[in-house]
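Two complexes, one shared chain (chain A), two partners (chain B, chain C).
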Partner chain A sequence: MYDPTVARLTYRALLGRRRALILGALPLLLIVLSVAVRALTGADDQTASDVLGGFAIATMVPIIGVIAGTGAIGPEIDDGSVVYLLSKPLKRPTIIFTKLIVAIAVTMVFSAVPTLIAGLILNGNGQQIAVAYTVAALVSSIAYSALFLLLGTVSRHAVVFGLVYALVWEALFGSLVPGARTLSVQQWSLAVAHKIAGGDLVTSDVSLTTATVLLVAVTALATWYAGQKLRTLKLAGEE
Partner chain B sequence: MTTLSIDHVSRWFGNVVAVNDITMTIGPGVTGLLGPNGAGKSTLINMMGGFLAPSTGTVTLDGQPVWRNERIYQHIGIVPEREAMYDFLTGREFVVANAELHGLGAKAAQKALATVEMEYAQDRSISTYSKGMRQRVKMASALVHEPSLLLLDEPFNGMDPRQRMQLMDLLRKMGDEGRTVLFSSHILEEVEQLARHIEVVVAGRHAASGDFRKIRRLMTDRPHRYLVRSSDDRALAAALIADPSTAGIEVDMSEGALRIQAVDFGRFTVLLPKVARDHGIRLLTVSPSDESLESVFSYLVAA
Partner chain C sequence: MAVEQPLTSPTGDQTRIHDIGYRGYDGPRLGRSYASRSLYSQSLRGAYGLGRSAKSKVLPMLLFTVMCVPAAIMVAVAVATKAHELPVQYTRYAIMMQAVISLYVAAQAPQAVSRDLRFKTVPLYFSRPIETADYVRAKFASLASAIFILTAAPLLVMYVGALLSKLGFAHQTKEFAEGLVSVALLSLLFAGIGLVIAAVTPRRGFGIAAVIAVLVISYGAVSTLQAIANVQNHTSAIPWIGLFSPVTLIDGVQSAFLGATARNPGAVDPSAGQGVVYVLVVLALIAGSYGLLMRRYKKVGL
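Moving on, here comes the complex of A and B:
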């Protein structure tokens, strides 16, 4: 199911200098922001929750998910180098599963770790807020990676679609329009975080059961479908 | 024995018919797939390699379907036309990765790198390679598992003459070992030099098939057209038309020249200067008007 060579190639491609810089930019911004907020307002649970929920979970995690998820396969399909994977006696779902694991790992490292650090800076994990949002980042990393890996497999404009989804749907509708919230990875992960954090500092529109079912279902379906798409991927010729 | 069978295969993209009802069998030895740009060679090779589903028809390797059958790649090596190949790796890392994906190790990779004589640059990043070096590393990646079928799409593009000779020697050797080697090219001379057997594709159709002598004959026996200007076009036309090697003459008023169609190429090239001399006519221009490869190919299709 997991192929170490495919994983190595994917890591090298994802963590190439330019992409690593982009991946590192938002986490750096989050930490700088947290230091500034803490210095200006002192440790405050509500403020900590606002910063982590409004920026880390609503914006940073989905964007990193887009970069890692689509970047794990999209560029290879675009430039045709995926032919070196496809011309091997490897099961297509193995390629997808391996790339999913890599995308999840990269998204987790670049989103959950800075979320935890930011939380510690903001209020020293008071009310378990830092841990709660870190778990939310970990959980949503899985679903975003699966969704955006599928997008990278089926579309040549995956990054654009992914960013539109991440910014418009997750960050805007996901926080403002009630109906859209049920179908938002962000809300599912917040349902998990809600169980961890003290009081009502972290809230979600969906129940933990619904969230868990949807998270598992979306991740599994997206991964399965990406494997199917890769089986019948037609390699376009030059141009 | 490895035989690739293409059976009534067509492939269209929207309204474009890229490959039109082609049936051919590729056996051991070196086969050249010859055709002008846009003929459908890459589309055909992509279907042979299992990267593209035929719209109709089937491609099989020793009876096994190629499409949607990953295990077939134990027997197939592919050298794609496109350049991209994990440029951030070194040549060695790239070939080792390809070997590992076949379940092989660094030893197989090293052997393949030696075969294509790329050991000297194996630790340099691929992004620094010339086109010929890339081509050879691609070749090494296709050879790691010693496939019985090797498919190469325009492998000589961008190679200098020495690299070309080297690759030709290598492919010839592989053909002599009994492997089935198929390469595409739009250059007749290239195909003639290397291929025992030639398949000609034009505008998606299978135009001709045979050894290079047969293809050469098909190409030179076709009617040749010439544009001729002389000091006395009328007298020249009258004298030429009497000879059976001349199939037709037109007086092109706008060009102020004769358009001559010759059936017997050899005889006509002797006849023309002789007739001119005998009648005291001075030849001003003699130019073949359809010598492009394209026109040769279109003649083959019309035949």
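Moving on, here comes the complex of A and C:
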């Protein structure tokens, strides 16, 4: 199910050249921000929770997920070089699975690790906040990568649609329509974080059982469907 | 051209090297300004997907609708309740909808320049009478106009609605004009930032992500810092923090000079001095992005 060559190629497509820079800029910003906040306010659990929840989980993780998830397959389909990959004696689901693993790994490294560091800077893991948000980042990395990888195989405007989901659906709709929050990767991962963090600093609108079931279901379905989609991929020229 | 020169040419007219019978063009040459105007209008149409496939019309048109619908709803509410004032100021509208505007810029800025780079059509443009400055100006102006259309249309909806529901004409006109100035500045600023980032990468997807990262993430970071400064009673720091993201820059300019109330946490309006700094930073960013684009296109890989 895992092909090292495909993985190596995907890593290079994601991190090669200047691309690692943009992926690295966001985590760097988070860390700079948390240093500034710590200097301004000192260690405070509520502030730490606000920064990590509002900036790391709500904006940084989805954006890195979009870049890594769609970037793992989108550009190849876009420029047509995916045919060279598809013509190899590899199962299409294997290709998807490998790319998913790589996308998850990249998203985790660039989102969960800085979240942990930022959490430690902000309040030294008081009330398990840093760990809770790190776990949330890890969990949502998996779901986001699977979702956006699927988007990458479905549409050539995957990045835009991914961003519309991440920014408009989760942020805007989620704050206006409470029902939209049940269908949001962010809330599912926060449900997991809620279990770990002490007190009511981390809250979620979804129960842990629902969240876990939905997370697993979405990840599995998205991966399966992306595999199916790649089996019947039609290569189109630039519009 | 390795062509044999005829050794003897008794009459001057015999020196023709090769004539395979193509007819030369002797019609009017429309020249440089015509070419750059065409580039401008085509890019502007392209920014809304006009003249392109149906699929590429979906997103810009969708975002345009999303921008206008809340304005229409506000007008309807104002008419129905016979209010004396629209529920939202003209200047505030663009700041409220900043996520939609950012998405539009992120989607359309790479569309305007990345494809030319990727399919290596830029050298073809420069084989026409246009020059680097014309290309940059045409692209810059077309994206800025496209964003202006996107941001000014809802204001127009609100203005017409306000006049129809007989709100004070002079007062509404003044506020509408202030709103237009603010979105014009916003269009120039966003177009500049979007194009500079998009012109770096030939990959459309990466351009989109980079533009959105700069516009949205900087706004998120700045708002977080401002909220914390507000909680900690460092309110004097709030306007200075606002200098570091495009959205809060525009917000600062309009709350200093265009009669808006600041949208930052704590609603701290910048002082007149800070307002001048805001304007200077905005102008410097616009000029700087124009300069960077000129530098970028000085040499385009052949």
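The rule is short, and it goes like this: the second predicted complex is superposed on the first by the 234 of 239 C-alpha atoms of A that agree within 3 Å, B and C clash if a C-alpha of one lies under 4 Å from a C-alpha of the other, contacts with A are read in each partner's own complex, and residues count from 1 in each chain.
Definition applied: a contact is a pair of C-beta atoms (placed from the backbone, for glycine too) under 8 Å apart; a residue touches a chain by one contact, two chains touch by 3 or more.
None of these values were measured; they are calculated from a predicted model.
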item	value
When chain B and chain C are modelled together on chain A, clash or fit	fit
Chain B versus chain C as contact partner of A:160, first or second or both or neither	second
Touching partner for A:195 - first (chain B), second (chain C), both, neither	neither
Chain touching more of chain A, residue-wise (chain B, chain C)	C
Partner chain(s) touched by A:89 [first = chain B, second = chain C, both, neither]	first
Touching partner for A:9 - first (chain B), second (chain C), both, neither	first
Partner chain(s) touched by A:80 [first = chain B, second = chain C, both, neither]	first
Superposed arrangement, angle subtended at the Cα centre of chain A by chain B and chain C, nearest 10 degrees	70
After superposition on chain A, the shortest CA separation from chain B to chain C (Å)	10
Overlap of chain C and chain B interfaces on chain A (superposed complexes)	238
Residues of chain B that touch chain A when the two form their complex	42-43, 46, 49, 51-53, 68, 70-74, 76-78, 80-82, 84-86, 88-89, 97-98, 100-103, 141
Footprint of chain B on chain A - complex, ascending	3-6, 8-9, 12-13, 16, 79-81, 83-92, 231-232, 234-235, 237-238
Of all residues in chain A, those that touch chain C in their complex	18-19, 22, 25-26, 29, 33, 36-37, 40-41, 47, 50-51, 54-55, 58-60, 63, 66-67, 70-71, 74-75, 78, 157-160, 163-164, 167-168, 171-172, 238-239
Chain A partner contacts - residues on chain C that touch it in the complex	52-53, 55-56, 59, 99-100, 103, 106-107, 115, 119, 201, 203-206, 208-210, 212-213, 216-217, 220-221, 224-225, 227-229, 231-232, 234
